[in-house]
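Below, subunit A partners subunit B and then partners subunit C, in two separate complexes.
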Partner chain A sequence: MTNRFTTVGLAGGLIFGASVAFAQQADITIGQQLEPPHLDPTSAAAGAIDQVVYSNIFEGLTRFGPDGSVGPGLARSWDVSEDGLTYTFHLAEGVKFHDGTTMDAEDVVFSLNRARAEDSANAQKALFAGITDVVATDAATVTVTLSNPDGAFPFKMAWGDAVIVAPESIDGIKTTPIGTGAFMFDNWVEGDRIELKKNPEYWGEPAMLDAVTFKFISDPTAAFASMMAEDVDVFAAFPAPENLPQFDADPRFKVLVGSTEGETILAINNKQAPFDNVKVREAVAHAINRQEIIDGAQFGYGTPIGTHFAPHNPDYVDLTGQSGYDPEKAKMLLEEAGVTLPLKVKMTLPPPSYARRGGEIIAAQLRQVGIEAQIENVEWAQWLEGTFRGKDYALTIVSHTEPMDINIYARPDYYFQYDNADFQALIAKIDVESDPAARSEMFKQAQQVIADDYVNAYLFQLPLITVAKAGVEGLWENAPTQAADMTAVHWAE
Partner chain B sequence: MTDLRADHLPPSGAPVRLWGRALKSRSLVLGAALTLIFVLAALVSFLWTPFDVTGIDIANKIKGPSARNPLGTDHFGRDILSMIMVGARVSIAVAFVAVGIGMAFGVPLGLWAAARKGSLLDEVIMRGNDLVFAFPSLVIAILITAIFGPSAVNAIVAIGIFNIPVFARLTRSGALTLWQKDYVLAARVAGKGAARISVEHILPNVTNLLIVQGTIQFSLGILAEAGLSYVGLGAQPPTPSWGRMLAESQTMISFAPHMALFPGLAILLTVLGLNLMGDGLRDLFDPKLRGRS
Partner chain C sequence: MLRYTLTRLLSLAVSLAVASVVIFMAVEILPGDPATLMLGVNAQEDTLAALREQLGLNGSLWSRYLSWVGGMLTGDFGTSYTYRTPVAEMVGERLWISLPLAIYALTLSTLIAFPAGIWAASKRGSAADVGVMGVTQLGVAIPNFWFAMLMVVVFAINLRWFSAGGFPGWDKGFWLSMKSLTLPAIALALPQASILARVMRSSLLDTLSEDFVRTARAKGLSKRQALWRHALRNALIPVLTIIGLQFSFLLAGGIIIENVFYLPGLGRMIFQAVSARDLIVVESVVMLLVFAVIAVNFLVEISYALVDPRLRHGR
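Right after this comes the complex of A and B.
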């Protein structure tokens, strides 16, 4: 049965392909590893959701550009009051949701109030914590009142978690998302693909493609094969860096290596003995040879980091020297800490290859200083449940892909259980500071504090590796947020 | 038919003739030689391997076969020959213990069922076997290791459970024919109980069958272990395992085929060797079956 449908589909595809062979290709297929659990970006942390819907289906008041800058989204402009407490957003006019309903100030009020409500399921409630009141002044103007001045408020409103949704369509958002974007949701074949089509009534610059298909291919070998067979046109966050030289050498393809906000760390359970001792954590940091991990696990793709901050950020401080590779020092520190060697600990590894491969290399490096890390490979669901929520781990490797997420260290209940009142005070101060110079200074200070406390072992900044057909243009090279923004993508003439 | 199976009780001069026939059997000699190579490799690996299998040497990663590394190095610069030697240890240990579990439970169950042929107990045991048979073994093995966590021990248990019905059925069918024998009748007349007859008369005469089947199950066990390791549910890193070596080399097969080739050959040759040996042993113990399969 299935076979027959496939054949029919294939034949149809061939006929269609032949008839438009002379016209410009106007559809694209994008491969990505993870399938989103559902399509509501305002109620889950899963990055795969934003990967599909951000800027394609849903838009926020502001939006991230390809370079990470914050620009106007549904709000074409905004004013900030003298005291920095009131933001007035001027909305674009004539914006319609995909179901034909009008997007106006009431929808913004609804969206923001829904996100900051007591029972909100939003994964980034901190983004909305400073809001005290949201008022629709008129149909095209929204006034947001904050409890404290916040220079980063437009940045916060650019997140995928802060997109504007409509009360009319909110009930079905998880399966049929209705937004204001340049693409509208068309079809979801679970386990296989999600199809978007062009929104003909888009309020802004219309999309250059007629249709976009997101195809989910979790296996790295299959990803390589589907790219080689040209089943997909683009593979976002290509999982097997070892294959890049082959794509590079093939004129059919191009490889884009950009930066992400993904700080890849060896997370340490700061509450679990003996890692509650800063000396033991420092020993771990010195036992690790970052370059070897980047070469071995990432085939050279990655930038070493010494703290939890993206190296392309202007406020980044290079602290890699402070935790340089020095196994002798690591052994000394372990001895000072009075740890009996060999120290047996558990290292939990989620599926991505940076974690699985990096974990094996780190285990070998730790063994050199007398720490026996027992590897336990787990699936994402187990990792989220046991490690992230349950905090039942000693060491684990993961990449933190949210932008500007150093504030997670101010959450003592976060999975690495780092509890430093001074640091929490510092982050609280940053939150209310609106002077850019002072903020920058404090961010630098914060990076130093977590590096001095050796909260985690900071490994490298995850690169964004995109493999695409040579003719595809307009892709984001970097990932300032998790997104596959297709609005400007097109085929070369 | 019954009297033809008298060769289950060989006369005293038989061992010499058996050896002579064994050495003439090509498949047996070849199979035993292949198996021996891997058993030896596994044993030697306890004392010596060319390189440390847990030692990561990124500078030497993905090198083809050379004088230094006869089978090349993997993506972490580890010596593939050393990994295959230690991997043999894991594969053989898992398969051996799994067959052991299958025999330890399956044979007594089979003997018991045969002794009480037609009873409710026989039904329960045999339908229980059918139940286990009805499940695809690898899928259940994946389920077991997924629930109890991936490790070599759980892989052994998972594979072992599926060996139980194989041995139970074989033992029962072998034992049923034996229960018709005159010497069993004689033993019963002499007042021996069913348990004692099973152990003293039936078991020794199904041993040949069990050895042949054991060899085949052994090769299936190695395949199953490789399969579980391949999906990440067998022995955990840094313990090398053939299946995981295959899985890890998968994305590199186009530019480093040696990384997949050698562990693949190791699996192929061991399984081939064990199967040839199993065939050879069957021919040896049961010459009437020669040429059939």
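Right after this comes the complex of A and C.
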């Protein structure tokens, strides 16, 4: 992590020199599809909020690097007690919020207590569930006591939902967020754009740009036009993959293809007959041709996966072979399971194009083995209520974008209703293990268990496609968390 | 005139009351819980309950309807679930884009349609008439969003005269803002102008064949004088009706054009509010639009009376 900071620091120095010489462009406009409903990352699930504020405006004790590793944020270092129950965070000194007030241990105590409070509206409250006590030992030291040892605690504190906020400015956080980051909130023209400006008193390595504008363009065709007309300099998560060859061929632009934490799966309702039979689920897995889906729905962008784990993670095990495309085997398995064909099932599809386009292809593939998937297109609100909470579905397609979320398989009431006591015990063991080698081994084991049980059909890792003007450098190529970290972005030349 | 106005006002009030019930019921039966949508897949049950309480989603259907209508009558349109700002404020901001855009488009369409329609009618059967009819036929047939995209390709991507969309804000300069509304206004105006020109032409032709025009001609007026002094005024009623309808459509119906040009207008706000289950925004804004449509119709009916004295003095 220190490495990254030095590199950034060096580059920053070089660029600063260059900007004096050529009076370089120091602002950037970045397009994205969704507008945040408000700017408080600690009280909503909307990824668009983190996209704007994460690490730009707000910082947490720790932070995600571009490669997904967890490094120091406001806490420059931390110690873990022998029993793994106590974390002592040493905060950076001289940190000020954008309104001029000092950031100290009391603010950390306030932020963590607010997130885990009874009436907290934090969308990821589970991140804080293990905390029993937060104490400010002195102005620059915070001691967090946990109920169980938790090797992933620094990882949890890196989430956008765990950023440090100030009691002085909490009331206005939704419209005028006050954080400690390298950029400060400047202006919000609702429906159109949010403007950030450089924080001149930033405690760490200062931002290289003077101003960043986030512009909200939801329509894929409009996104393409805005890029071509050079109204925006960067489009994060570009929504029209069919237009990418055009950008590739145009020297004005570059296309970055990275990875996200989004495991895109065909989720199966494990409690609904006949999918409560592992043979039927295995049949579904073999009936599906991943490459055809990636080519047809994603225009070739996406990495096939065979389990619920990100392929760029060092602990990833490639299990795609275990559920390779084999329609004959699928038919045989269905026969063995005694399923009467054709089998009519309900498949709900939420709005993203990976689901809607992918769903049509999957329905066609399933038909080949005698499963008639009846497609039902739903909006997110309907999906959450009917499919996710109501569990009224047999199949659905969704991308799970939270980082390191294999532990959802340990929740028997989760929407795919997978209930395996051994797996739950394994996850419980991982939770309290802080030895990296042992954790890694157990994560590999966990991936194998859910692949063996064919809990869901694993399709592909959702790519992150960014289109940018050729001169823009320092963008995150991957999305270890939903963020557009602009602190290291600058113009080349 | 007074009695005419009063009956119109009464029907306006009844329409609004019926609309409020229909809108409320329609929005309430939409599946999907706003709190779940806001907090996402990892939300805990107690967090959801706390949020529902905050949003006032726990009351009975009847009490929520009454508090909504009661609030609107006192000018309080509620607070958006997602943005947590008063709906009236949000509508105010968006209206500053949608209203000028609607007026801009309507002005353009009227400026094109009137001369074209009158010209075609006065030269009935000539090449000019055939030409106007052909062009307007095309104008009606071309979908406006497709025409909009075509303009973006030509004027924004190739010629770079305009930006592809967005709105800088009135505080950044009047002409800059008008410029950013120009392509959307043209896209909206094209089909409207075509329809209006055709209505203008046929209505004028109908009037020109009426007895009073023949009398005017027999009195010694030229064809041109008869058209301008007598026929035109009488041909305006159907045209005014269409303009009224078009204005309501432009105000609320710009959703697709607002999406193509990513303008933060009213239409896009409703669209986003529906998918975000921001029910209070949907209800209040749709209600406001209903009010606008009914009010515009009311004004149109009043203007009939101004154009046609017979309506003023009762039938």
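Odds and ends about this structure:
Keep this in mind: the second predicted complex is superposed on the first by the 469 of 493 C-alpha atoms of A that agree within 3 Å, B and C clash if a C-alpha of one lies under 4 Å from a C-alpha of the other, contacts with A are read in each partner's own complex, and residues count from 1 in each chain.
Criterion: a residue touches a chain if its C-beta (ideal position, glycine included) is under 8 Å from a C-beta of that chain, and two chains touch if they have at least 3 such contacts.
Note that this is a predicted model, so its numbers are computed, not measured.
After superposition onto subunit A, the modelled positions of subunit B and subunit C are compatible, with room for both. Of the two partner chains, neither subunit B nor subunit C is touched by A:D138. In the superposed model, A:A229 lies in contact with subunit C only, and not with subunit B.
Once chain A of one complex is fitted onto chain A of the other, the partner contacts of A:D171 are absent, as it touches neither subunit B nor subunit C.
Comparing subunit B with subunit C, more residues of subunit A are touched by C.
Once the two complexes are laid over each other on the shared chain, residue contacts for A:A363 go to subunit B alone; subunit C is not touched. When both complexes are overlaid on chain A, the residue A:V189 reaches subunit C alone and has no touch with subunit B.
In the overlay built on the shared chain, the residue A:T221 is in contact with subunit B and with subunit C.
After superposing the two complexes on chain A, the closest approach between C-alpha atoms of subunit B and subunit C comes to 6 Å.
When the two complexes are laid over each other on chain A, subunit A has residues 221 in contact with both subunit B and subunit C. Those residues of subunit C that touch subunit A in the shared complex are 30-34, 36-44, 46-47, 50-51, 54, 82-85, 90, 93-94, 149, 152-153, 156-157, 160, 163-167, 169, 259-265, 268-269, 272, 275-277. The part of subunit B that touches subunit A in the complex is made up of residues 54-56, 58, 61, 75-77, 149-150, 232, 236-238, 250-252, 254-255. The touching residues of subunit A, when paired with subunit B in their complex, are 220-221, 224, 240, 242-243, 245-246, 292, 295-296, 357, 359-361, 363-365, 367, 374-377. Those residues of subunit A that touch subunit C in the complex are listed here as 35, 37-38, 44-46, 118-126, 174-175, 189-193, 215-219, 221-222, 225-226, 228-231, 351, 379-382, 384-386, 388-389, 402.
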